[in-house]
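Below are structures written as C-alpha cells.
Heads up, the next two complexes both have chain A, just with different partners, chain B and then chain C.
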Partner chain A sequence: MAGYALWRIGAAVPVLFGMVLVVFLLLNVLPVDPIQVMITQTGSGQAPSASATQETIDNIRRELGLDRPLHVQFLAYLGNALSGDLGSSFRSNQPVAEMIAEQYPYTIRLALAGLTATLVLGLTFGIIAGLWPGSLIDRLLVLVATLGIAAPTFWLGLMLIFAFSIVYPIFPVLGVGSLQAIFLPAITLGLPGAAIVARLTRSNLAAVMKEDYIVTARSKGVSGRLLVLRHAMPNVLAPVLTVIGLQFGNLMTGTVIVETVFSRPGIGRLGVDAILQSDYPVVQGFTLVMATTYVVVNLMVDLIHMWVDPRIRDQ
Partner chain B sequence: MLPTRRRLLTAATAAAIAVTTLPMAPGLIGPTVAQAAEGGTVTWAFLRRPQSLDPNIWSGGSDLGVMRQMYDTLIWSPAPGEFQPGLATSWTASDDGLVYTFELRDDVTFHDGTPFNAEAVKFMFERIKNPDSKSLNIGAIGPFESATVVDEFTVEIRLSEPWGAFLTNVSEPHLSPTSPAAVAELGEDFAQNPVGTGPFMFDRWSGNDLYMVRNPDYNWGPEMAGVEGPAALDGIVVKEVPEASTRMNALRSGEVDVIHFPVMSQVSQMEQGGFQVFRLPQPGFSWSLPVNVTKSPTDDLRVRRAMLHAVNNEQIVRTILFDQVPPAYGPLTAVTFGYDPAVKDSFSYDPELAGQLLDEAGWVLPEGGTVREKDGQPLQIKMAMFESSVNKAVSELAQAMLQQVGFDVTLNVANYPAFATQVAEADYHTAQMRWSAVDPDQVIPTMFNSNQITGGGQFNRTRIADPELDELIRQAGAVTDTKERAALYSQIQAKAMENVWIIPVYDDVWFFLAKPEVQNFIVDRQGRPMLYAATLAQ
Partner chain C sequence: MTDRTAEPAGNDLALAADASDRPRPVGLLKLFMAPSAFGLLIIVLLAVSADFIAPYGEAEIDPINALMPPSWGHPFGTDLFGRDVFSRVLYGGQLSLFIGCTAALIGGTIGALVGVAAGFFGKLTDSIAMRFIDILLAFPGTLLAIVIVAVLGPSMINLIIAVGIASAPGYARLVRSHALSLRSMEYVTASRVIGVRPWTIIFRHILPNLRNSVIVYATLDIATVILIAAGLGFLGLGARPPTAEWGLMVADGRETLQIAWWVTAFPGLAILVTTLCIYSFGERLATFLDPKQARF
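Coming up: the complex of A and B.
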C-alpha cells in the first residue's frame, strides 16, 4: 500500500512540471508586453495619471530579466519556484508567494464549505430519491438536480442574494466576516456538485437495494436506517467518492466566480484579476497552486478509496 | 447642491478661522451637520483592493481616492487656479517662474510620530525623481530640478523651466508627503503600510479590506473641507466589492454606506428610493475615439470628418449611459480649466453629410452593397478597445453607426495590456482614450505631443506629429498667466476639431451613491471623497 502511495505521489511531479511549462509558454505567446502592464492602470478604466519615458521602460525590462532568452527565463523561474520564490507581481511588486499565502486560506475555507454543501445536499436528496425510485418526491428531486447542474453559478449567486439578502434579509450580501456570511457562497458553489452527487447516489442506491445481499440482510431482520447506512451505503459511496475528487476541480474553478459575486477574498479572484491584467508572475503562481491543490486532493481521494475498498487495498 | 453647500461651509469656516482661538467642533457648522453625531464608521464598497497606498510611486486613479483620506498635500485647490494652504502656510514663485518657496506648518507630525518638515518635502520630490523608485508619477513633478532646505520649515523647489501646472500638481495627491522614516524602515512594504499626515491613519488589512482610524492629533485640514480639528468619523473601512450589482445590493441591504461605479441603469431608481447620488463630472480628456492620421484611409480628412458626423454621441449617451452623463464635443471635458464651449459648434450628427464626404473622397457604395469601395478596395477600418465598464457597449454602437454610412469596422475588444500593445504597433485606425486630470497641461501634451507617439504610454493615439503644434503645446504649458493659457488651449481645441483628430463621445462622470445617513459628503476637484468632513447621522 505504501509503495502504491509513493508511486502516486511521484507521478504528480511530471504533471506539475508539464503544467508550469505549458502555462509559461502560453503566457509568452500572448500579444502583450508586460511592461505596458506595469505602467498602466486598468481596473477602473482610468488611464495612468503620469507617463513613463522609454528609458524607464527599458530599465524595468532589464531589471526583470525580460530581455533574456525564453529558456533562460523558464529555468530561472523553475529554480526559484523550487525554493518557494514565485517572483513578484508586475503590478503591485509584492512577492507572489506572499499574495497567494494571504488569499489561499479564504479559498480553501470556501471550497470546504462548498464541498460540505455538496455532500450534505447531494447525499440527503440522493438517498431519499434512491429509496423511493419513481415516487413523486424522486421525480421532483431529479428535476431540481437537473436545474442545479444547468444553472450558471453567476446567476445562481445573484438570485440567492436577491432572495435571501434583499427580499428576505436572512444572510448578508457580502460573503465574508462571519460564519453566517459563508452560507450563501457555499450553497452557490456546492449546488451543481450536489446535483451530480444526488443523481449518482440515487441511481447507485436504487440498484444496490435490489442486490442479493440486501435482500439477505433484510430477510435476517435488518431494516431501516441500519440497512441503508451499514449495508447499502459503503457500496454506493465508492463511485461517489471518485466523482467528488473530480468535482473538487470544478469547485476550485467555481470559487473564481463565487468570490467575485460575494466579494470574498481568495486566489480565484487573484487569478482572474491577474489574467485580465496580464500579470504573468501572479498567473503562473495561481495556476501552480490551483493545479497542486487539484493533484493533492485527487491523491487523497485515491488513498481514501484504497482504504475503503478492500479490492484495491489488497492488490 | 454640492458646490453650494461647499461654499456655505467654506464661508462658515472662514468666519470661524477669524476666531481661531476658539476650539471648533465640526458639529457646529452648517445645518445638516448639526443633526449628525460624532463617531461612527463609514464603509465604502470599493471596486478592487487598492494595489498600493504609496502616493509618490503608484498612480492608480481610484486608489488615489483612498489615499486622499490618509495623506495631505502642501496646498489644496478648491477651483481651477485657486489654492489654499495645506501643509504649507504660504508659497511664492520667483519672477522667472523657476523657484517656488514654501513656508511649512511647524506643528505637523506623521502618523508614526516623526515630525513633518522641509526635509520631508525635499525627500518626496527626490524620491519621485530617483529612477530606482520606479515612480509612475515622474510626470507630476514636471521639470523639477532640485529641492533645497532653507530652514527647518522652509523649502525651495527649483524647476529647469517655467511650468504653469506646477501648483496644480502640488495640490494633487501624488505629491503627498510620506514619512521618510517609515519609507526607509519599510521599503517596498510601505505601499501596504502607509504613513502620512492625513485625517485618517492606516490601521490594518483584513483580507482585502482596508481599515483606517481617525488621527486624533489632526489639526491641519484645508479650509475647503469646511471643518476643523480631527475627523468626526471614528474610522473608514474600504471593502473590496468587485461586482457592480453586488455593490448595489450591499448598499440596499445596508451593509455598506458608500459605493462608487454603480450599475448605471439602476441609478435613478436608487435615487427615487431615497439614496443620495453624487454626480461628479471629471475634468480631463473626454471619452473619445482618437483617429490615426497616419494610416490609410483615415489619413484623409474627409474620411475622418465622415466618421465624426456618423457617430451619434447623443444617442450613445441615451442608450448606454441612460442620460446620466453629458455628450462630449471636444478633447477637454466641459469642467476642465481652459475648456472652450466653441467646440460645441464644430460638428453635429449628420449621416447624409458623412455619405457625401465619403463620395467626395472617392469611396462610393457599389450597386446593392453596404460597404463603400474605392479602386476595388473596401472601406475597412480597425477600432481598438479595451474591456472596462461601458467601453465595449459604446464601441459596438459606434461600430454599427459607422457601418450604416458604409464603413466596414473590425472591432477588437481586449484587456488593457493587449490593447496597449495593439496601439504601440499602430495597428488601428481609431483607439479609445480618456483621462482624468485637473489641468489641461496634464492632458493636452500627452494626447497630441509628437513625443507621445512612441515610448511612454503611447497616448498620442491620433499619431499627429506637427512641430508647430508641439510648440503651441509647450507655450500653453509654460505660460503662467491664466487668461493667456486659456486662449492657447482654445487654439489647440479648435485645431483638434477642425482636423478631426478625435471623435468625442462623452464627458466622464464619476458616481457615488450613499445612504441618507452619510452627511456632508464632499469631494476634491477630481471627485475624490474627502471623508474627513463627513458625518454619520444616528
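Coming up: the complex of A and C.
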C-alpha cells in the first residue's frame, strides 16, 4: 500500500510540472507585449505615454529577465515559484504570492462549504431515490437533478438571492464572515455537483440493494438503517468518492463565478480582474494555484480511497 | 475498392461486440418525435428567425419604458435601457447556438485529429499526445478556457476559440480509444498491406467508423460549451455590451435584480431550457446512434 501511495504521489509531480509548463508557455506567447501593457497600465493607468523610449523598454525587459531565452525564463520562474515567489503584479507592483495568500482562504472556505452542500444534498437525495427506485419521489429527484446539471450557476445564484434575500429576506445578500452569509453561495456552488452525486448514488444504491449479500443480510434479520448504512453504503461510496474528487475541479472554478455573483472576495475574482486588466503575472499565479489545489485534492481523494477500500489497502 | 470491403467488416464487428447488451435502437421517427427534439427544433427556429420575429431591435433603447415588467407589449419586460428582453433573448439564442456549434466544431476537429493520430500511429506519437492531453485534462473545470481567454484577450471570437480548444482534449481521448481498437481490424491491416497511405486510411476507414460516437459526444458538448461560454460571458470575458449574449444579459440584470427580476430571469431560463433540450436530445441520440456510449 505504501508503495502504491508513493507511486501515486510521484505520478502527480510530472502532471503538475506539465501544467506549470503549459501555463508558462501560453502566457509567454501572448500576442501582446507585456512591457507595453506595463507601460500603459502602471501608475494611474493613463493612456500610453509617449515618453517611453526604446531604451526604457529595453531596460525594463532586461530587469524582468524577459530578454533571456524562453527555457531559461521558465527554469527561473519554476525555481522562484517553488520558493514561493510568483513575481509582482503589473498594476500594483504587489507580490503575486502575497495577493493570492490574502484571497486564498476565502476561496477555500467557499469551496469546502460548496463541497459540504454537494455531499449533504447529493447523498441524502441519492439514498432516498435509490432505496425506492421508480417511486414518485425518485422520479421527481431525477428531474430536479437533471435541472441542476443544466442550470447555469451564475443564474441560479442570482435567482436564489432574489428568492431568499429579496422576496423572503432569510439570508443576507452580502457579507462574508457569518455562516448565514455562506449558505446561499454554498448551495449555488454545490448544486451541480449534488445533482451528479445524487444520480450516481441513486443508481449505485439501487444496483447494490439487489446484490446477493444484501439479500443474505436481510434474510438474517439485518434491517433498516443498519442494512443501508453498514452493508450497502460502503460499496456505493467508492465510486462516489472518485466523482467528488473530480467534481472538486468544478467547485474550484465555480468559485470564480460564485464570488462574482455574491460579491465575495477570493482568488477567482482576483483572477478574472487580472485577465480584464491584462495583469499577466497575477493570471499566471491564479492559474497555478487553482491547478495545484485541484491536483493535490485529487491526490488526497485517491489516498483516502485507498485507505477506506480494503481491496486496495491489503494489497 | 477498399472502401466497399471496409464498411461491412466494420459493421459486423460492431454487431458482434455489443450484440448481447445492446438495447433495441429506437426508430428514426421516434427519435425526432421526442419532446426534446421538438423543443430543440423550436429553439433553433426561433433563434434563426430572430431577425424577422423579434418585435424590437437587439440594441434598440427606449429610456421612457425602462424596467417595465412583463406585459403583452414586452412579454419578458424591458431592461435598464428600455430594451425589450424578449427580443434580446431571441438574438442571444442566435449567438449562443452559434457559439455552441462553432466551439464544438473547433474542439471536435482538433480533438478528433489528435486523437485519431495518437490511436492510429501509436508508439511515440501516442505517448506524447496522451501525456499532453492528460495534462490539459488535469486543468479543473473551465480553468483552461479562462487561461486561453486571458492569452487571447477577452472578446467574442476569442471566447469561441478558447472554449473550443478547451473542449478538444475530451474528443481526443474518446477518438483515441476507438482508433486504438480499430487499427488492428483486418480491413485496416489489409489497406496497409496494399500500400494505402496512413492518412488516407485514417480519413476513409477509421474516421467514418467513429462518426456516431463523435456526433453523440458533440451534441452533449454543445450544451456544455453553451453553459461555459455563458459563464465566461457573465464574467465579462466574452461579448461586449450592447451585444445580446445570454450570459452578459444575466450579468446586466444583476444590478437591478431587486426591482426587476425579469431582466435576469428570462435569459437564464433560456440557457436552462436550451441546455436541457440539448442534453436530453443527446441522450436519446446516444441510444439511437451509439448505444454503448449512452450514459446518465
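In the analysis below, the second predicted complex is superposed on the first by the 287 of 315 C-alpha atoms of A that agree within 3 Å, B and C clash if a C-alpha of one lies under 4 Å from a C-alpha of the other, contacts with A are read in each partner's own complex, and residues count from 1 in each chain.
Quick note on the criterion: a contact is a pair of C-beta atoms (placed from the backbone, for glycine too) under 8 Å apart; a residue touches a chain by one contact, two chains touch by 3 or more.
Quantities reported herein were computed from a predicted structural model and do not represent experimental measurements.
Asks: Give one of first, second, both or neither to describe whether A:Asn59 is in contact with chain B, with chain C, with both, or with none.
Replies: A:Asn59: touches chain B, not chain C.
Asks: In the overlay, answer first, second, both or neither for which of chain B and chain C A:Thr118 touches.
Replies: Once the two structures are laid over each other on A, A:Thr118 reaches no partner at all.
Asks: According to the stated criteria, A:Thr201 is in contact with first (chain B), second (chain C), both, or neither; which is it?
Replies: neither
Asks: In the superposed arrangement, does A:Gly249 touch chain B (first), chain C (second), both or neither?
Replies: Once the two structures are laid over each other on A, A:Gly249 reaches chain C alone.
Asks: Just to be sure I read the superposition right, which of the two partners does A:Leu276 touch: chain B = first, chain C = second, or both, or neither?
Replies: Touch partners of A:Leu276: chain B and chain C.
Asks: Which partner chains sit in contact with A:Gln94 here, chain B, chain C, both or neither? Use first/second/both/neither.
Replies: It touches chain B, and chain C stays clear.
Asks: Looking at A:Tyr106, would you say it contacts chain B, chain C, both, or neither? Reply first, second, both or neither.
Replies: The answer is first: A:Tyr106 touches chain B but not chain C.
Asks: Of the two partner chains, chain B (first) and chain C (second), which one does A:Ile161 touch, if any: first, second, both, or neither?
Replies: It touches chain B and chain C both.
Asks: For A:Thr188, select first, second, both or neither according to whether it touches chain B, chain C, the two together, or no partner.
Replies: neither
Asks: Please identify the positions on chain A that touch both chain B and chain C, taking each partner from its own complex.
Replies: Shared contact residues on chain A (touching chain B in one complex, chain C in the other): 30-32, 158, 161-162, 166, 260-261, 275-276, 278.
Asks: Show which residues of chain C lie in contact with chain A when the two form their complex.
Replies: My answer: residues 131-132, 134-136, 138-143, 146-154, 223, 227, 230-231, 234-237, 247, 250-251, 253-254, 257-258, 261, 264-265, 267-269, 271-272, 275-276, 279-280, 296.
Asks: In the complex of these two chains, what residues of chain B are touching chain A?
Replies: 45, 47-48, 51-52, 59-62, 64, 131, 134, 136-140, 172, 174, 188, 191-192, 207-208, 239-243, 245-246, 249-250, 252-253, 255-256, 261, 285, 386-389, 391, 415-418, 420-422, 424, 433-437, 442, 446, 452, 454-457, 459
Asks: For chain A, which residues count as touching chain C in their complex?
Replies: 15, 18-19, 22-23, 26-27, 29-32, 146-147, 149-156, 158-159, 161-162, 166, 199, 248-254, 256-257, 260-261, 271-272, 274-276, 278, 280, 283, 287, 290-291, 293-295
Asks: Write out the stretch or stretches of chain A touching chain B in their complex.
Replies: Residues 30-34, 36-37, 39-57, 59-60, 91-94, 106, 158, 161-162, 165-166, 169, 172-174, 176, 260-265, 269, 273, 275-278.
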